[in-house]
Structure formats: C-alpha cells, structure tokens
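Read from first to last, the chains carry the letters A, B and C; within each, the first residue is number 1.
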C-alpha cells in the first residue's frame, strides 16, 4: 500500500508536467475568440463563467478544421505514407539487420556505426539536392516527364525510408544477435535452406522487434516536417505536419483554437496506439525468443 | 515434420548452392539497403559537400569553387559561434534532464499498479505529438501576452509582476531555457520506453542472485541495476543527442532563432543563411560543422556501449 | 516448425478475376491520390473540367495565403475561372504560408521544376539568375497604364543588369494604427517620433504600452528600416553602396538607436523581443497596445472581431516624422517571378499583364490591402483610390483615405534611396537591423559600437554580392 503511494507520488508529477500542454490544448480548442484574446479572463475556464460552462464554449473551431480545411485528407495522406514507408523499411531492414547480425563479424560492427552516421546529416541542407533527386528519379521510368515525383506523396515514400532504414537496421541487428543460433541450426538440420530458415523461423520469432521498428518508423514519418513541406505544394497532397501550419497560420493571424485541435487529435490517437503496443514492444528489446 | 526433397533441376541446384553460401548471402541481403542509402542519402550528401565549397546562391545547385571560404566566413561570424554553443547547450542540457527523468520514471513504471496504463498514456503523449504541432502548442503556452504560465504565476500565484511578466521567448536566457525544456519534454517519453525495455530485459536470475547475495535497495541499484542498465541508457542518450542536435523544427517554430539570433542552432542558422538569405554555399558549410561533432560523440558512445555490454 | 517446401507454390496459384479487378482499382486509386501521373490522362485532379472545350495549356501559380481569406476565395473561385476560360488555359493555384516561400522557391530551383508563376512578398534578388527578366511585359503595361510606382521601380529593377527581375504586381502600405482615445487622454498627437518618445511612458503607466517590435519578424524589420530613413541613417545610397557608418548616416543611425532604446526602457515591455508577425496584432486586438505599425490587418481584424469599441477607436496615421524626413516602407511588396524552367511562359506573361490592367477588383476584394504596382491600374489613379477608400463606412470615417496618402507619399522600398538589391535583401532576410536595435535596447551594445559592428557586416555582405556581379 505504502509502496503504491510512493509510486504515484513520483510518477504523478512527471505525468502532469508532460501531459499539461495537452490538457491546455483541450481547454483552448473550445474557446470563443472574445474569450481567448482577453487578458483579463481566467484562461482555465470558459468565460463568461456559467454553471452550464459549455454554453460559453464553442465547437466551431474544431468543425472548421474538418469542414474548411483539408485536414481529413492530410490525416489520410499521413497514414498512407507512414504505412508504405514502414513496409518498405521492414522489407529492406530485416534482411540487412540479419546479415549484419549473423554474417559479418568484425566489419559488421563498423557497418553498424556507419549506418548510424547517416542521421548526422541535417535535412535543412539535404532537402535541396533531394528536391532535384525526386524530380530526376521520377522522370527516369517515365512517370512524369516534366516534374518527376515533385508535388506527389510518392516523393515522401521514396525519401522517408532514408532515415527509417538505418534506425531499423540497427535495432534489428541488435535484436537478431540475441536470438540463439541454435534455433536456425535446428531448422537447417531439418532441411530448410538458409532463406527459408530466415523467413519461417527467425522473422516470426522477432515479431516484437518488428513491432518496435513499426512504431518508431511510423513516428519518425509523422514527425518529419521539412521534406513534407518543400516537396509538396498542393494542399490536398500534404501530410498533417506540413498542412496544419500552412493553412492554419495565415500571414499574421494564427487560428489558435483550430491549431490546438489539430494537434490534440492525432497525438491522442497515436499515444493510445503506442500504449496498446507497448508491452509487446518492450519484449522487442528484451529479445524474448523463449516465451 | 519432414522436408520433402523435391526433384530440383541442375540450374536450380546451382542457384541454391550460391544462396546457401554465406559469403554470397550476406551481401545479397545487405544490397537493397546499401543501394537505397547510396542513392537517396549518399548523392544528396555528396552534393551538399560540393555546395559548401562553392558560392552557390538562391537554390541553384552549382556555383564557382571558393575553397574553404564558406567555412572560415562562418567561423568568424559571432552568430555562428553562438549557434554552435547553443547546439551544445540545448543538446546536453536537455539530455541531462531526460536521462535523470527517464531513470526515475522507468524505475517505477516497470512495476504493476492500478492506473499504470493511464499514467503511461500521459507520459507517452509528448512523443506521440508530431513535433511541429506540439511545438506550436508550446508557442501558445509561452506567448508574449497570453502565456498560461505567466497567468498562473502572476494572477494565480502572485509570484511575478502581471504588468511585466517574464518573456519566455524574448529574453535570451529565458529563451534558451524554454527551448531546452521543450526538447527535453519531447524526448523524455522516448527515453523512458527504452529504459523500461532495458530494465525488463534484466533476466530474473540476476534479480534472484542479487537477493541471495543480500543486495537490496540502494546497493542493488548501484551494483546490479545501473551497470546492467548502462548499455541501454547509452542507446537512449545517443538517440536523444542525435535527435536534438539535428532538430530544426523546435527552434524554428518557437523563436525563429531569436531574440536577436540568440537561440540559433547550427540547423536553424544554416537554414537562415542558406535558404532565407540565399547564400546556399555558406549555409551548406554551416550545417556541415554538425557532422564531425556528432560523429565524434556517436562513435565514442557506441564503442563505450559495446564495451559496457554484459554478455 | 518449418513447413513443407511445397507450400509457397500453392499460395501462388492463379489470381481470380475479382482479385485482379480489386488490385487494378487500388492501383488507380493510389495513383490518383498521389497525383504522380499526368492528370490529363486520368482526369482525377483540378477543379475545372470544361465539358465542351479541351483547355490548351496549364498555368501553375504559387502565392501566399492572403491575410484576407475572402480575397483568396474570390481569386481562386471567380477571377481565375474567368481568366482561364477566356484564355483557354487551365489555371492551378497553390497557396502557402508566407514564412516558407523561400524554402519552397529554393526547392523548386534546385529541382529545376515547379510552378510557372511564383509570388514573393519581397523582391527575390538572390534568385535573379534563375528567372526570366520581365522587361517586355513591364514595357507593355507601362505603355497602357503610365509609369510604374516608384516603390515598384526601385524594388524590381536591377540597374547593373538593366533588367526587371520581378513583376511588381502590388504593394501594401504600412500605417501606424493607434488607439485614438488613449492618445487623446495624454493629449499627445502621433505626428513625430518625439511625440512617441514622450507619450510612450505615460501610456505604459496606464497599462497600454506602445508596440514597436524588435524581433526576427517582418513587422519589426519594416518598421526599423523606416525609422532609419526618418533619422537619416541610411544603409545604402542611391548608387547602392553601403554608407551606413559614414558621416550623417552614422549620426542618424545612432540617434535612431538611442530613440528606440529610450522608448523601450520607458514605454514598452520585454514582449517586443519575442514577437512573431501575429503578436502585435493580437496585443492590439486584446486592447493592450496603444500603438502599433502594421498593415491594415489589425484594423480589419478589429472590425471583424465583434469588439465595436476597439474597432471604432482604431485610427490610422502615417509613420511619425523624424528630424530628416517622414518615410515608411511597404509592408509587403507582392512581386511575381517567372522561373527559367517554367513550362508555360506565354500564359504566365499574359496572366500578369491582364491582372494588372484591371486591378480595381483586386483592390476592393483585398479590402484595400493590395495597392496596384502601377497606380494607373485603377482608372483615375490616386484620386479614384482616395474616393473608393473614403466610401468605407467603418469608424472613424475616412481613416482609409489616410492609407491612400501613405501609399502615395510615404511608402518606399527597402534600401531607400538605393534599389532593393541582393545585398539589402540578405541584410533584410537575416534580420540584422532588428538584431542591432534589440542589442542596443537591451544594453548589450552602445549605439556607436552597434553602428560600427553592423556596418562591417553590411559591407561584407555587399562585397559578396558584388562578386556575383548582381550589385
């Protein structure tokens, strides 16, 4: 009992500090303009103060988000890009991580470090040559002779794996190292080829590791801002990271309530998802081959 | 279960023998990753290096060769040196907070208790928010006029002067603090998760052995938990450092590098020079300063982590 | 445990027609979502589909989200449709946030692909080598409408290369907006900078400081450059040479820096160092500020906000007079460039000409925000404009005629008396002037030191662009 109290005593302040901005977003998004932009009002409540406090609040800023902007479209775009990038990441990183874990001995260590160095190149600089790259790469197979992949979500699908694959490879490499060799050897003795052993034994066992990669890769995609903003200029093709600041900040007017709503909704959804998967995900780090 | 020996044709058998060969399989499995990275990252990176030695302007991807001029010009600019200093301050300041916070939180979070799911949900929220949007939320929280923090401190607790509240984004020291806090806020959940995973991976045998040896409480923490947690902690620290030092969005959204360029980081300063002012070659040189810095830190930590690993 | 070897073969057994159809539809959907294929082939995108006419060209325009949302609605929904139909062109327009215009432009230049017409809110001198000079259409419009406004001329002409590198479509004057009742209370006019210096402390004591920004954002930049003009602290001369640290310029600059330091110390609060472009709007609309300098977005927002008292108390005035002159900057210089790699240059040129020739509607729909680059674009020039502005019924009546006077007499380009060249552009975009004022105001540098230090930096930047033969 006492132990439980101490746990709450330590964790609750942290949780409050971390989650406070979101509580604040929740309050702000229902505020009327006259209420929000009034310095003499108490910001935590809806003014004018009433018993039926919801009468001083409004949902018009939230509905504005869904009816007057391309917000639903952006969410869809983000989800699609995220999913595709995660798939590509897994397809490329799983074999690569396995190869580095099993087959490469000493140079595998160096390769692991080298992979990591890719993160040290800031996208604030890279996005310019990348812009050219996506145009040229799109022109090659004749997708669009003039503009290649510019202004298309495929450009993001092409470029995002560049920062998810290193992380995934690195993570999976570490994970595969914890899977005992005996498991594969047993399969080989039974007559499987190496590739079959890989696909049928190792990958299923490494499901927690795969889930880990899925969550991190997806969150990296959702967070990305620079490429999303500069590669795509048409509003319907944007992701939420780029679309929200673009349409909800007009010149010198910030639509604060809608901005708060636009942030809160995906954050809650993603946090719920991550939380649900968290237990499976932790096993990803422990490398639990034997359950 | 038995494997059926299918009647393979000679060519297939040769293919299979090749695929069985370790020496072939490893490169084959690595090839997609390497080719992809070489094209999508290698080419732009090489180009960026080329640009840093030219006087390219206005988005143009070519220019005249100017040797190391961009690098020396950058170095002699006071704003650049401040950006470099700030990058270090933000990175190590925020990660120190993250490290301590995550160590404490994870220690309690691995136990089971009522409400754990909900508390964990709250703790995860900052990391789940897309960074550009979450930072916009903080921009409103730190607003020069409507800051809820200032309201609470002023009207609520009476600690500050309501007519002249602290300008979180307007005074250089406060702005540095604000940016560091936001960086720490968004990385903390990420570190907590990694720490929790690390703690959960300590085999129960170790726990039992410790108990048998009589190590409990603080002794256990010092002699057993911390050493075992070290490799995981280093991983979390390393990613935290990289994600913070190479981050552009937080500073750009919160302060645009102000007040008067006192919160610029290498990434935002290179953007300011290379993109907004059109001096692309100079901007490229500035952002390249980041690379050796982080490389040294990363390599150092990775080797240290490997040595600290308990097999 | 391992499955038998034969299983994969079974799974690869023939696709049913249904599966094929589903995949085909999914593929088409994916492609349309992502717009990677030529849209004319699939017809999945774009708001205009003329059933009877096959449009013979495509024009892609990029410009900012106009502060007045109604303007964008009218432009996209009515004007572009009309123009497109008349000229047999499929017009597509994208709006982006003005803060990221430069990064999008850089990206298009790097990619050598993008929009045909790109709008900037300040003359994009650093992109001069990437664009098609528009001398021909400037000549055509000048022939029909008379001379270009001075501010347009100095903003888009490069005397070194003798080219117009951008088409000056519109500019936005930058008035002072102030609370008439408050200034009346302290019995001070808003005429000279000395008035501001003496009035600010009294107003701050009443809880209504003045709001003159010194942050890394556009309002501060425009204001402080103009303040330097008023005090004679010019950064460059008519020949585009940096003269900041010399003679009367140095004296003027020091006087201006001292003025702002005084106003800050006694009449403003720390918030002015933390401002975004929206901050002075918000502070004024909240009733806090007694004075701000901004485009009329503040006045118009006040009218829309529902706060009638505040709106009726919002007066416009030209920038205060300094010892040397009274001169302000344009708040925004709306120019268009045509990229060298534009696909449809002909349509782009025609669009620009047509838009300028008939500017009256643009002026009205933007609620007087956009003044035309050629004053003759509205028939009757400034006389007409004044009449239109006077017809606005918001109180205090006639405040927008002041706006016309400002546009006519007190608006000039960044870099006055020189041109808006690449060097001034970089100085502007690096927020060096707000940085200088802020450092002096916060006591980090004395005015004299600041002028010396920043003059050196201005010279260095100028040298760099002179080497590129653009200055």
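Details
Methods note: a contact is a pair of C-beta atoms (placed from the backbone, for glycine too) under 8 Å apart; a residue touches a chain by one contact, two chains touch by 3 or more.
Quick caveat, the model's predicted, so the values are computed rather than measured.
Chain centres here are C-alpha means, and the one lying farthest from chain A is C.
Among the chain pairings, A-B comes first (most C-beta pairs in contact).
Taking each chain's centre as the average of its CA atoms, chain B and chain C sit 35 Å apart.
Annotation: 14 Å between the Cα-based centres of chain A and chain B. Taking the mean of the C-alpha atoms as each chain's centre, chain A and chain C sit 34 Å apart. Residue positions of chain B touching 2 or more other chains: 1-3, 59, 61, 145-146, 271, 275, 280. The set of chain A residues that touch two or more partner chains comprises 37, 39, 128-129, 132, 190-192, 226, 245, 254. Residue positions of chain C touching 2 or more other chains: 1-3, 5, 103, 106-108, 110, 276, 282, 286, 288. On chain B, the positions that touch chain C within their shared complex are 1-4, 6, 55, 57-61, 139, 142-146, 163-164, 166-171, 175, 255-261, 271-273, 275-280. Residues of chain C touching chain B in their complex: 1-6, 102-103, 105-110, 124-130, 207, 214-217, 269-276, 279, 282-283, 286, 288, 422, 425-426, 429-431, 434-435, 438-439, 464, 467-468. Residues 33-34, 37-39, 77, 80, 127-129, 131-132, 134-135, 138, 143-144, 146-154, 187, 190-192, 196-197, 200-201, 226, 229-231, 233-235, 237, 245-247, 249-254 of chain A touch chain C in their complex. Taken together, the chain A residues at the contact with chain B in this complex read 4, 7-8, 10-12, 14-19, 21-22, 24-25, 28, 36-37, 39, 42-44, 91-93, 95-96, 98-100, 102-104, 109, 112-113, 115-126, 128-130, 132-133, 137, 158-159, 161-162, 165-166, 169, 190-195, 219, 222-223, 225-226, 240-242, 244-245, 254, 256, 259-260, 262-263, 266-268, 270-272, 274-275, 278, 281-287. Every residue of chain C that touches chain A in the complex is listed here, in rising order: 1-3, 5, 33-38, 62, 64-67, 69, 94-100, 103-104, 106-108, 110-115, 219, 276-278, 281-282, 285-288, 294, 297, 301, 305-307, 343.
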